[in-house]
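Paired with chain B in one complex and with chain C in the other, chain A is shared by the two complexes that follow.
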Partner chain A sequence: MPQTLFEKVWNSHKVTEIDGRTLIYIDRHLVHEVTSPQAFDGLRLNKRKVRRPDLTFATMDHNVPTNNRSLPIIDQISAIQIKTLEANCKEFGIELFDLHSPYQGIVHVIGPELGITLPGTTIVCGDSHTSTHGAFGSFALGIGTSDVEHVLATQCLVMDKPKTFEIRVDGKRKHRHAITAKDIILSIIKKIGTAGGTGTVIEYRGEAISDLSMDERMTICNMSIEAGARAGLIAPDDKTFDYLKGRKYIPKNYDDLVDSWKTELVTDNGAKFDKTFAINAGDIIPQVSWGTNPAMTSDVTDAVPYPDEYAKGNKSQEDAAKKALEYMDLKPGTKITDIKIDRVFIGSCTNARLQDLIEAADLIHGRKASPNVRVMVVPGSQQVKKQAEEMGLDKIFQDANFEWRESGCSMCLGMNPDILSRGERCASTSNRNFEGRQGSGGRTHLVSPVMAAAAAIAGHFVDVREWL
Partner chain B sequence: MEKFHKVSSTAIPLDRANVDTDQIVPKQFLKLVQRTGFGKFLFHDWRFDQDGQQKPDFVLNDPKYSNSHILLAGENFGSGSSREHAAWALKDYGLDVIIAPSFADIFYNNCFKNGILPISLQRNVIDELLQTKSAIEVDLESQTIRCDSKTISFAIDDGRKKTLLEGLDDIAVTLQYEDKITSYEKSHAL
Partner chain C sequence: MGKVIKYERDNIDTDVILPGTYLKLHDYDEIAKHAMEGIDPNFHARVKKGDFIVAGKNFGCGSSREHAPIALSHCGIKAVLALSFARIFYRNAVDGAFLLPIEIDETAYKKISENDELDINTEKNEIKNLTKNEIYSMKPFSDIISKIIAAGGLFKYKPD
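Showing the complex of A and B:
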């Protein structure tokens, strides 16, 4: 029977059945400082070991400062969490890319760039944006801390088989630089909603997906969780295999694996998905979120919607939109391009890879940040930072008065000192515009890196198609 | 994990759609390295003002609900971040049952790991429950909710039900299949 790519990955990782549920083998486990300490404590309490430390990799990203790395960490509670991860990795024999490692970075940026992420594998991490790794044709999902402990102890996860969801993005983007992967995924979430993918694994397909680079595909898969999906994936192709070739942790028989992946890791002709949605890339223009969840997003040419029009008769959505506008301090009917901003954040596991930084830097062209706007550029990893500096991007940003910082999650979730002050409004390349996400009382608008860079210069949102 | 018993109490009405885990426990409280004591951070930014005083208009601060063990929530409850701290905070606060039209996947799973029963019901049934002033009784064994003389059935996966009823340590359960894991590893090295 024809199978989807996801079904093939699922079936090849079944260990056994337990009480009607499936025990799935996990090929790679990524660990960070925030969601792991309680899991390691649980192991100690029950005198259990890490079953496969060789398949487990750790880094610290969520609460690390992004200023000078040679300075001590001022936040003592963060410092304890970081020290705890160091101690746990030492005790259980897990490889750790610590603050001084050339490989440190956001866990979902370093997995692919180190070749830990591989096609056809199962990958977990105690972080919802683990869906990012699906860009390589892996089944990659975020889990809670109890499941982190379960995977550490057993290298397996007990799961119910998710349903399959095909999202087709046909056609071509009208403007390759102004209309980005971020605009594609925000457009999808805007249409299907934040629960549109609940209980499913999305496979992104179609011409506009094949056209994307690996960095761009990661942006798409990264935000699968914002549509509520368990995971998102894209069938691997030559771009995938070329990206991974020569990376530090790929298996020795990589070339042989590629040969088998090429034939196996595809959705068979005639395979049925439980659900399908299609969108044409030619209809997509730059996106800006206006509310407090990622589905509350508009075309840059639109205005902030009226809650009743937005909700189309759904009472709870209307209430949510009203609350969102109140929190965001926005009036319905305000043109998106009239919204002024105080801060810009270019970073996160969604948009802090090299291509994101190149595109943002290309847009600047000798222009400077608006004097009223503070701009932070936070590369996704130390390797991204080094490559960007070799290309002179750091100079371009600094000449424009954009701050060039060390790698980490930073203001995507504001667990480190990089936060918005109450009432500040931010154009952000991150993935969540939830209340208080970037700092208590802060207001987040989700955009692409080029939209963020343009807003930094103009001091308000602009239709970046007019600049490129 | 403790065995799940019957729960009977008034239900806290929190009828908002898409309540994300950032609201359930804001990030400033994720730096702790233990599982306990998160109840005081539950819905922190909705419960407390900038000076740490309770906001009187937020439903959790209504003394009527100070002994409630059931939360009546809106659609897609628990969306966003995978932080299990959200489940730890709800449980530590005293909530054992969450009833909503739908849940986000990771949060739903995290509930079972912490002795919380998440129940999905149709929107119109929840609307009825929101109207009631009396106590609601939730019985996992019979998969029923009793409210004002009405009985409502709910669905739950058998494996998950067993985990809650027996308070199973699911790592210990999985480790019983050690030989199967080992043989899988022998044939699937990557």
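Showing the complex of A and C:
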């Protein structure tokens, strides 16, 4: 029977069935400082070991400051969390990319860049954006701390088999640089909603997906969770195999593996998905979120919607839109391009890879940030930072008065020193515009790196197609 | 038995259930002090042991932080009754045996009001509203979820 790519990965990782659920073998486990301490406590309490420390990799990214690394960490609670991860990795024999490692970075940026992420594998991490790794044709999903402990102890996870969801992005983007992977995924979430993918694993397919680079595919898969999906994946192709070739942790028999992946890791002709959605890339233009979840997003050419029009008769949607506009301090009918901003954040596991930084730098070259806007550029990893500096991107950003910082999750999630103040409005390349996400009372607009960079220069949103 | 704290909204995300800044905390009771702070700063002061949260669709969407069900559970919340749940929150709630994620229908969602006193019987899949003298049905837990709940979490559960 023809199978989807996901079904093949699932079936090849089945260990056994238990009470109607499936025990799935986990190939790679990524660990960070925030969702792991209680899991290691649990292991100690029950005198358990980490079953496969060789398949487990750790870094610190969520709470780390992104200023000068030679300075001590002022926040003592964060410092303790970081030290705890160091001690746990030492005790349990897990490789750690610590704050002084040349490989430190956001866990979802370093996995692929070190070749830890591989096609056809199962990958978990105590972080919802683990879906990012699906860009390589892996089944990658976020788990909570109890499950982190379970995987540390057993290298397995008990799961119900998810449904399959095909999302086709056909056609070509009208403008390769102005219309980005971020605009594609925001357009999809806008249409299917924040629970549109619940219970499913999405496979992104179609011409516009094949056209994307690996960095861009990661942006797409990264936000699968914002549509409620368990995971998102893209079938690997030559771009995938070329990206991984020569990376630090790929297996010795990599070339042989590529040969088998080429034939095995595809959705068979005639395979049936449980659900299908299609969108044409030619219809997509730059996107800006206006509300407090990622589905509350508009075309840059639109105005902030009237709640009743947005809700189309759905009372709870209308209430949600009203609450969102109140929180965001926006009036319906305001043109998106008239919204002024205070801060810009270019970073996060969604958009802090080299291509994101190159595109933002190209756009602002020779321009300066609006004097009213504070701009942070936070590379996703030390490797991204190094490559960007070798290309001189740091100079371009600094000449424009953009801050060039050290790698980490930074202003994506409001748990390290990089936060918004109450009432501040931010154009952000991150993934969530939830209330208080970037700091209590902060207001987040989700955009692509080029849209964020353009907004930084203009002081308000602009249709970046006019600049490129 | 416990009283209802009702949020008439969909998409209550884990960032409002426990804002990111508190993910640094290790002590569960300290974490609990900041539960729901993102949309309801008085929550910790008014919640009592055995209380219920009632909410709309996609409760617990967003981050995989287990701190979210931990925060609610250590405030005393026994169950969250919602029209639907985000996957990771649901799983965390069950696997860690923190609280019961109970799916209700639109009728129950509309009829249950703030401060109503409820009693939940998971064997009969019944929600009794003692204040209004009404009974609603809940979506039964799947077989394995019931077993994990009965065992007291994933680590205590042993397959037959």
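Just so it is clear, the second predicted complex is superposed on the first by the 468 of 468 C-alpha atoms of A that agree within 3 Å, B and C clash if a C-alpha of one lies under 4 Å from a C-alpha of the other, contacts with A are read in each partner's own complex, and residues count from 1 in each chain.
The working rule: a contact is a pair of C-beta atoms (placed from the backbone, for glycine too) under 8 Å apart; a residue touches a chain by one contact, two chains touch by 3 or more.
Predicted, not measured: the structure shown is a model, and the values here were computed from it.
Q: On chain A, do chain B and chain C fit together or clash when superposed?
A: clash
Q: So, A:143: does it touch chain B (first), chain C (second), both, or neither?
A: Touch status of A:143: both partners.
Q: Kindly classify A:135 by the partners it touches after superposition: chain B alone (first), chain C alone (second), both, or neither?
A: So A:135 meets neither chain B nor chain C here.
Q: According to the stated criteria, A:18 is in contact with first (chain B), second (chain C), both, or neither; which is it?
A: Both partners, chain B and chain C.
Q: Quick check for you: in the superposed arrangement, does A:349 touch first (chain B), second (chain C), both or neither?
A: So A:349 meets neither chain B nor chain C here.
Q: Going by the contact rule set out at the top, does A:288 touch chain B (first), chain C (second), both, or neither?
A: neither
Q: Taking the superposition on A as described, I'd like to know which of chain B and chain C A:208 touches: first, second, both or neither.
A: neither
Q: Touch test for A:434: chain B only (first), chain C only (second), both, or neither?
A: A:434 sits against chain B and chain C alike.
Q: With both structures placed on chain A, which of the two partners, chain B or chain C, ends up touching more residues of chain A?
A: Here the partner covering more residues of chain A is B.
Q: I'd like to check the shared interface: which positions of chain A are touched by both chain B and chain C across the two complexes?
A: Chain A residues touching both partners: 18-21, 34-35, 37-38, 46, 62-63, 75, 77-78, 80-81, 84, 126-128, 142-147, 149-150, 158, 160, 194-195, 198-199, 225, 228, 230, 293, 316-317, 319-320, 323, 413-415, 432, 434-437, 440.
Q: Touching residues of chain C toward chain A in the complex: what are they?
A: 8-11, 13, 15-16, 19-26, 38-39, 56-58, 61-66, 84, 86-88, 91-92, 95-96, 142-144, 147, 153-155, 159-160
Q: Contact residues on chain B for chain A in the complex?
A: Checking each residue of chain B against chain A gives 15-18, 20, 22-23, 26-28, 30-35, 45, 50, 74-76, 79-84, 87, 102-106, 109-110, 113-114, 157-160, 162, 169-171, 173-175, 177, 180-181, 184-185, 188, 190.
Q: Can you check the complex and tell me which residues of chain A touch chain B?
A: Checking each residue of chain A against chain B gives 12-13, 15-16, 18-21, 23, 25, 27, 34-35, 37-38, 41, 46, 48, 51, 62-63, 75, 77-78, 80-81, 84, 118, 121, 126-128, 142-147, 149-150, 153-156, 158, 160, 162, 194-195, 198-199, 225-226, 228, 230, 251, 293, 316-317, 319-320, 323, 413-415, 422, 432, 434-437, 440.
Q: Would you pull the chain A residues touching chain C in the complex into a rising list?
A: 18-21, 34-35, 37-38, 42, 46, 62-63, 75, 77-78, 80-81, 84, 126-128, 130, 142-147, 149-150, 158, 160, 194-195, 198-199, 225, 228, 230, 293, 316-317, 319-320, 323, 413-415, 419, 432, 434-437, 439-440
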